[in-house]
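Worksheet: the structure to be examined is printed underneath.
Read from first to last, the chains carry the letters A, B and C; within each, the first residue is number 1.
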């Protein structure tokens, strides 16, 4: 094993250990914030798959997030408390929704794609508020039962246990996206971002792969939605609104466009800024978020995951000390 | 037919007022994007600033309105200059970074305005002389809206003429069509950026002052007018003054007449119209360069 | 229809031509960018299309590649009519183009650039997982193509970090990795130094014999250095197709170039 591999395994081990310790160290509110951050991380990965990997910036993933949340909630209320069933049904619902709307969305690229996805998101938001019979309208959908992991076991009501449930699914989603990115399809999507015309000239029907990415991202966002329903046990139209979509996109930008761990970190930063530090300074969360975005754009142009060089340039003193240390 | 016309006459006139208001917002957004490739998500903030200025300064007198207009103009010019300075270092870094930056700025500005003016929507009265109603083809109609239509129409015509007929307008159109060419001709595109940003921002802020009695200032209004003007810009085609005007008038009707005709589909109309246009013509109705 | 259009295939000895252009036209309003052009490209040949500025070379190239729809006429690939096929569908049938200005996947490595072509040819470009055995086979194939173009030692470098000459080589490598039967080269010498052009000439000469090369080019050094057949376009129309010596000797060609005041180096024999 090379030194780099050792360092990487150590880092992964450290992060895993830290994530596992969360419920033992922090209080209920902090743990539930971590849970929300994990859900948001899965949504941010879906946004990043389109925005960062395939080069199609989206403001519409909240719609599929919402579809998954409502689907998971409805399964829980009317059919099954089993987490696996909810996750599978919700993901399928997201896939179906993306298959139906995707062909329209991929007609545009760049800002046109961004605006079409924005429209899809807003229409989804409005629809959720009006289909009272299914979604409970603007009152939202309550009565979601505690999620059951194994048949016959108790439902999860403890914050720590819910956290672990979400953590396991989020890690699986992260690994799943990792496999996708290293696959031929992942390379195809990067090619789509870099140079669509060339991809076509090599014989790719590029629209098909753009749609493929859209559907995959729709399913992933819906999976996150189902986790949201299970952890919050309440779903409302606001969960699929513009704010969620914009925050997910900004989490990706802050984290570093194209990097999955960057997106997850960005999501955590956004959720903690909004829910945790926002509480401390008595409800001025938008102010903190605004400052976060401005700072991120200026100081870390490539995002948190954008390489060490830009971090180092932030601390010239440390760099100077280090280089003199090396030369002596 | 006349019966139908009669029944929806007020909605249609409302739609014109609404559309012209949207135009004052959308034209700046459209030109900044079309010319400088900058996606300014803080554009709605400028409207809100102008509208708050109208609320705070207009006391029902003409003088109050004039002061509010002057303040709005200054706020717009300064705000536009600051925004241009803020995005200038990001040239060539893509739309996402500009979007993040300007959205961040708009979040900060929104919080500051909540601190200054509170979290309530503040209904703003027009000057007392324009406060009443008149009879218009047998319908009572607020005088202020008619006056607004008149002023905004003159404003729109001036913008349109300046853009289509003047030499500055020609430079602006050339920049939309081929930025590199204009740069190669020795034009300082940074100056153009500041100029267009300031102009668009001032127009949005003045629109806010005049529009406050129609769309009253309050938290969330910045986002709402931003989304509306984005839709207008996308429908009209980026970088086109004519597109922004026609797109704004179309969306004005969709938002008033459309809602009156099919109230149960009201929430879907705006984005439904946009999706329809984009599905048929992804570049918008009036592609840049043709305006 | 077929009576009016000369049968280009019959004019060529040695069986079905790799590419046959029959009465091909592309009009932009009243401008006849390409007008009723007919010629055939023999399989395995090194065929160049030249012409003074504004002759319609670029438009003809786009029509053959499928990047532009034709106003009239047909394009045949190994005898099959491909006129109605989109660019990607023609590419799948073995008609693959390069780009005038290097058009690569800049954030991907040189190897990944080639891999994108290789995986498409194996039909696994949509596969959402990476099978280890298959991955190895794809990589070996990509490296073979990179080796052919002397890029193996740069395989791990990002395409964006390559030199201009290396990018041109990679450009050809990406096209070659689709294992085309016909390779379309769009003004490959554009923006190249004489040294680069010479190196590129060696690359073209080193391409496998079974690959037909159709080259649209401005640089006549390169054209007469590699081509065994030359077609001359003038003002959108076909002037002549023949062997290089025949074309050089043609009075019509001389006039076309003289008329365009671009006699540059057409009539100069190559220096030592």
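Here, a residue touches a chain if its C-beta (ideal position, glycine included) is under 8 Å from a C-beta of that chain, and two chains touch if they have at least 3 such contacts.
These numbers were taken from a predicted model, which means no experiment stands behind them.
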**Prompt:** For subunit B, which other chain has the most distant CA centre?
**Reply:** C
**Prompt:** When the mean CA coordinate of each chain is compared with the mean CA coordinate of the whole protein, which chain is closest?
**Reply:** A
**Request:** Would you kindly tell me how far, in whole Å, the mean C-alpha position of subunit C lies from that of subunit A?
**Result:** 44
**Message:** Measuring centre to centre with CA averages, how many angstrom lie between subunit A and subunit B?
**Reply:** 33
**Asked** Using mean CA coordinates as chain centres, what's the subunit B-subunit C distance in Å?
**Response** 50
**Item:** Residues of subunit A touching subunit B in the complex
**Value:** 51, 57, 104, 107-108, 110-112, 114-116, 118-120, 122-123, 126-127, 129-130, 242, 246, 249-250, 253-254, 257, 284, 286-287, 289-294, 296-298, 301
**Fill in**
In their shared complex, subunit A is touched by residues of subunit B numbered 33, 39, 89-90, 93, 95-97, 99-101, 103-112, 223, 227, 230-231, 234, 238, 267-268, 270-272, 274-275, 278-279, 282-283
**Request:** Using the touch definition up top, name the residues of subunit A that touch subunit C in the complex.
**Result:** 179-180, 182-185, 187-188, 190-191, 193-195, 197-206, 208-209, 212, 216
**Prompt:** Of all residues in subunit C, which touch subunit A in the complex?
**Reply:** 65, 87-89, 91-92, 96-97, 99, 103-108, 112, 115-117, 119-121, 124-130, 138, 174-175, 178
